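First chain A sits with chain B, and in the next complex the same chain sits with chain C.
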Partner chain A sequence: MHPIELISITKRFRTSEKGEGEITILNNINLDVISGQSTAIIGKSGSGKSTLLHIAGGLDSPSEGKVLCKGTDFASLDDKHRSALRNLHIGFIFQANLLLEDFTALENVMAPALISGKKESECKDRAVQLLERLGLADRMSHVPGKLSGGEKQRVAICRALMNKPEVILADEPTGALDEENAAEVEELLLNLVKEEGRSLLLVTHNQDFAYKCDNVYLLKNHGLTKEK
Partner chain B sequence: MFRFRTAFRYAFSKTRGQRVTSIMILVGIAIGLIALLVISAVMNGLQNAQMDQLKNLESFDLIVRSDSLNAEDIRSLSGVDQAFRFIETNALIVDETSENSQSIRIRAFEGDIFESQRFSKSLTVISGSKDNMAGLLFSYTTRSRIGISYGDSIKMTFLRRGKTATIVPYSTHLPVSGFFSSKMSEFSSSTAFMDYSILSGIIGTDEAKIAVYVSENQKAVVQSIMKLDPDAVIITWQEYNKALYSALMLEKTLMYVFLAFMFLIICVNLKNSTRRLLSNKQKEGAMLRALGCSRKSVNAIFLGQGLVISILGEILGVVLGKILIANLQNVLKLVDNVVFALSGSRTVLTQIPFNASIGALETALVCLFIFLLSLIFTSIGCRRIYRSEIMEVILNASY
Partner chain C sequence: MNPFVRLWSIKRITRRGRLTSCLILIALVMAPLVCALIFSDSMMEGITSKYIYLSDGHVQINGEHLTSISSMIGEENEKLMIYSADEVTSGYALMYSATNTSSVMIKGVSDSYFNELRMKQITFERNTEPSSSSIKGIAISRATARKLEVGLGDRVALMIVPDDVKKVLRPVLVRIDAIFYSGYDQLDELLSFIDIDYAKELYSDDSSTTIEILVKPDYMEKINDVIYAFGLEHDISRWSDHNVSVYENFVTSRQMIMIILMLVVVVAAFYTASVAQQMVQDDIQDIAIVKLVGSSNALVRKSAFLSVYAVTIAGMILGIGLGLLIGCNLGPILTWLSSLGMQSLSFYLLDFSINIPWLSIALICAMLMIISFISIRISLIRTRIITPMRLFTSL
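Let's turn to the complex of A and B:
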């Protein structure tokens, strides 16, 4: 059983509020996120990469097809159980500026564990450990406004790994960073995912970054083609 | 716990001026609550003082008319503090020295009601003596009005039951034996006292009633009296003062209604603040969902931030309101001094002749009312979460 399986996924959007017309973004896509491997999806802007990632994470619903997370169809779950499944088995990393602004770096990392109902005392050690591993020991008490772009993204990586999820979904994790910071974050992310034995589903424009992954797919003309 | 912590952080978020808005709303709620509590306390104090005077002098707690019971029977009942038999009649009085006249109600009590703590609390004999009731005891108001003095001879004309005719006039002369003052001007200007045996000798005791001061549970006392004499006619102080009581309640209700309108304005601000926060935190709302918060939890966080502001505003309002009520006299003096310093004249009431007070239940009800209003308006502010698909925010941000 794969951590995430996408089966015949099609996603259409209405072109107007009245629903008079529709455009197809994704058409009959099948993808398995293999345990312990990293998978990258590349493609042009607007090709539907992020939509595919959100569907894979249960944040959005497909128009047709099924998404299985640990063998459970997201569509069969209500919002509460879908959220709990996401909390425990999936870690998200977004492009930038999606940290909780009023919380410190440490609190941001602990957030998934606190949402799952753990007490602060139970999860603080792991959060501190992750931040230290990513070189943020002296930034723990800083709010996102006081962190650089690279630091914010490292905090986001720690947060995604906090609940030891089986799969990490990363949406352009280096998209808003300069070259130096982007290279650093790429390396940290790939190493950490490997060290922790997690699966990675990555969406990126950056071909170099993508080809460091075990599998690479190109999203083009609403369909996926395996590139590596 | 996480939801509460997040709601609290969001309520006082430093980003995009949220903290200033929240503090302003919190202070607004506190000021509104202080106004409600202080006005309620003053109204209560005013009502209680008026009702106390009425109960002590005019209507007593109960007035009983019974052919078979006497004051002693009622006094022996549990819950009864004191009971006095009394008669009253109207008379035309003429001061023979000044020839001024006035219609007045004359009351006469069997036993020494002037020794009663409740009666003497509201009425003071200033000159002459209550022990010398061979004459008439008038109020100072009556004294000023018709110009009588101690020892003056007063001609009194009653209407009493005749031997052949139904009603006949009867006149007698009595001296002025003293003066009293009370805190009820209407009572003072319309009432005089005289000896029970003299008045009963003139008008008889057919219309005698029993004035009852109750120490506890008025309802139980009424039931006990009805058990002793099922034919007894009992008038409670609420029935006796029904018109005034209703007017005071109406006054208080209207005041609450006007103050509630003031709160609506604060609540509209609360709703707008929630909306603004929602716009500021749309991305974070989406982020929380991605981290595993359910739609309900995210909504609870945004609802919670409004309620945090409301509850803190209420706590501040109750504390400051209670302090203000306890020191109302000093505050009025301060206001008076400020007004005097600015205008040179004293226009503010510097001494309130009653104790402003508000009970725990009334305070709790006022707080509950404000809490419910806040809940409703914050919910209205949060409705957008239910209406919009919050994940669209992340999609739009990612494209």
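Let's turn to the complex of A and C:
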């Protein structure tokens, strides 16, 4: 059983609010995110890479097809169980770091564990350990407003890994960083995923970053083709 | 409680802004409400006491039963829960001075009438100069003395309204031996006291004499028992029967005050729902992020509810505290306002014992809590439509 399986995924969007016309973004896509491997999806802007990632993470629903997470169809779950599945088995990293502005770096990292019901004392050690590994030992009590772009993204990576999810979904994680920071975050992400034995589904237009992954797919003309 | 719900709620509460304003507003609404309840309750209790102790007693029994009642009173006092029973002869008169006229009720009482309980309700300023004339003395109120422009030792004329139409109206002269003040001018200006024997000369009709009974403080709630103990239910009246309009005014005022206060509380409770709604609007991004990292909508709602409800309760407690603080110091505040020349205060007591209406306060609090509980929950249904996809559609 793969951490995430996309089966015959099609996604169409209405072209107007009245629903008179539709355009197809993804057409009959099949993809398995293999356990312990990193997979990258590349493609031009607007090709539907992010949409595919949102569907894989259960954030958006496909027009047709199924998304299985640990063998469970997202569509068959209610809000509570879908959220729990996302909380425990999927970590998200986005171009915009999407941190809670009122929370410190440490609290942001602990958030997924606290949501799952763990006490602060139970999850603090792991959060501290992750932040230290990513060089943020002296930034733990800082709120996102006091962190640089690279630091925020590293906090987001720590948060994604907090609950030891089986799969990390990353959408242009280095897109908003300068070259130096981007290279650093790329290396950290890939190393951490490998060290922690997680799967990675990466969406990027950065081919160098993509080809560091075990598998590379090109999203073109609404379909996927394997490049590596 | 989920640790994240607790942490998020604390973050929201400690963030200065909308919730702080909500806390302050609820406190500012509750404080005057509590204060108004204390004021109205204490004032009504105080005025009721004035009527009972100085005008009508807890229970009045027709004078024709004087002989039978007298035999029951005395040794039986303890059993009958009676504090005192005094014979009173009363009637109406017009009082004249050189400059003005006033209509008063003349109460003929004996020296024992002003017992300890009554003396707590009234203060006397007495004429210490002995009189050589045979003119009888009278005690008039400070309000009447002011109106008639007379003082201690002055003489006034009483035009006794006869109880028999065949009798001729005749004025009698009396000397002001005492001026009293109960703190409630509205009652004071109607009352005056003379010796009971002289009152019997002025009002010879039997129906002018009654027995005023004061019940022991512990038995005030059991006045009906006292009435039945006498076995004279049909010839007994209470202060509320003699002062129907005052009594009904009090009952209506109490009801109106409660209705108005409850309406204010309802508005305050709905305000909390609007705060909750606005808070959700402000926190759309945070809610979407929290859902992204795996929170269910129920957790989001719980946290938002906890934040607003905790602030509502805190505001309510703060408001009650403030209201009690001001309410318990109403006497000095009213006296100070009166010293500034607020004429309308003459309709109120300026010195009264504070009575905290815990039941009414509890009722208002319960109402605020229940309505805000329901309205906040309803307003938070909206969190359901905030999904993590909001983060990407709005970016």
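Operating definition for what follows: the second predicted complex is superposed on the first by the 227 of 228 C-alpha atoms of A that agree within 3 Å, B and C clash if a C-alpha of one lies under 4 Å from a C-alpha of the other, contacts with A are read in each partner's own complex, and residues count from 1 in each chain.
Methods note: a contact is a pair of C-beta atoms (placed from the backbone, for glycine too) under 8 Å apart; a residue touches a chain by one contact, two chains touch by 3 or more.
Every value quoted in this text rests on a predicted model; they were computed, and no experiment measured them.
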Quick one: chain B and chain C on chain A, clash or fit?
-> clash
Where does A:114 make contact in the superposed view: on chain B (first), on chain C (second), on both, or on neither?
-> both
Could you tell me if A:23 is touching chain B, chain C, both of them or neither one (first, second, both, neither)?
-> neither
Return first, second, both or neither, reflecting whether A:172 touches chain B, chain C, both chains, or no partner chain.
-> first
Go through the superposed model and pick first if A:54 touches only chain B, second if only chain C, both, or neither.
-> both
Once the shared chain is lined up, is A:46 touching chain B (first), chain C (second), both, or neither of them?
-> first
Taking the two structures together, which residues of chain A meet both chain B and chain C?
-> 50, 54, 59-60, 79-80, 83-84, 86-88, 92, 94, 98-103, 111-112, 114-116, 119, 159
Residues of chain C touching chain A in the complex | 2-4, 7, 11-12, 15, 286, 289-299, 387-389, 391-392, 395
Residue set of chain A touching chain B in the complex reads 45-46, 50-51, 54, 57, 59-60, 79-80, 83-84, 86-88, 92, 94-95, 97-103, 111-112, 114-116, 119, 145, 159, 171-172
Residue set of chain B touching chain A in the complex reads 1-2, 5-6, 9-10, 13-15, 283-284, 286-297, 391, 394-395, 397-399
Contacts from chain A onto chain C in the complex sit at residues 50, 54, 59-60, 79-80, 83-84, 86-88, 90, 92, 94, 96, 98-103, 107, 111-112, 114-120, 159, 163
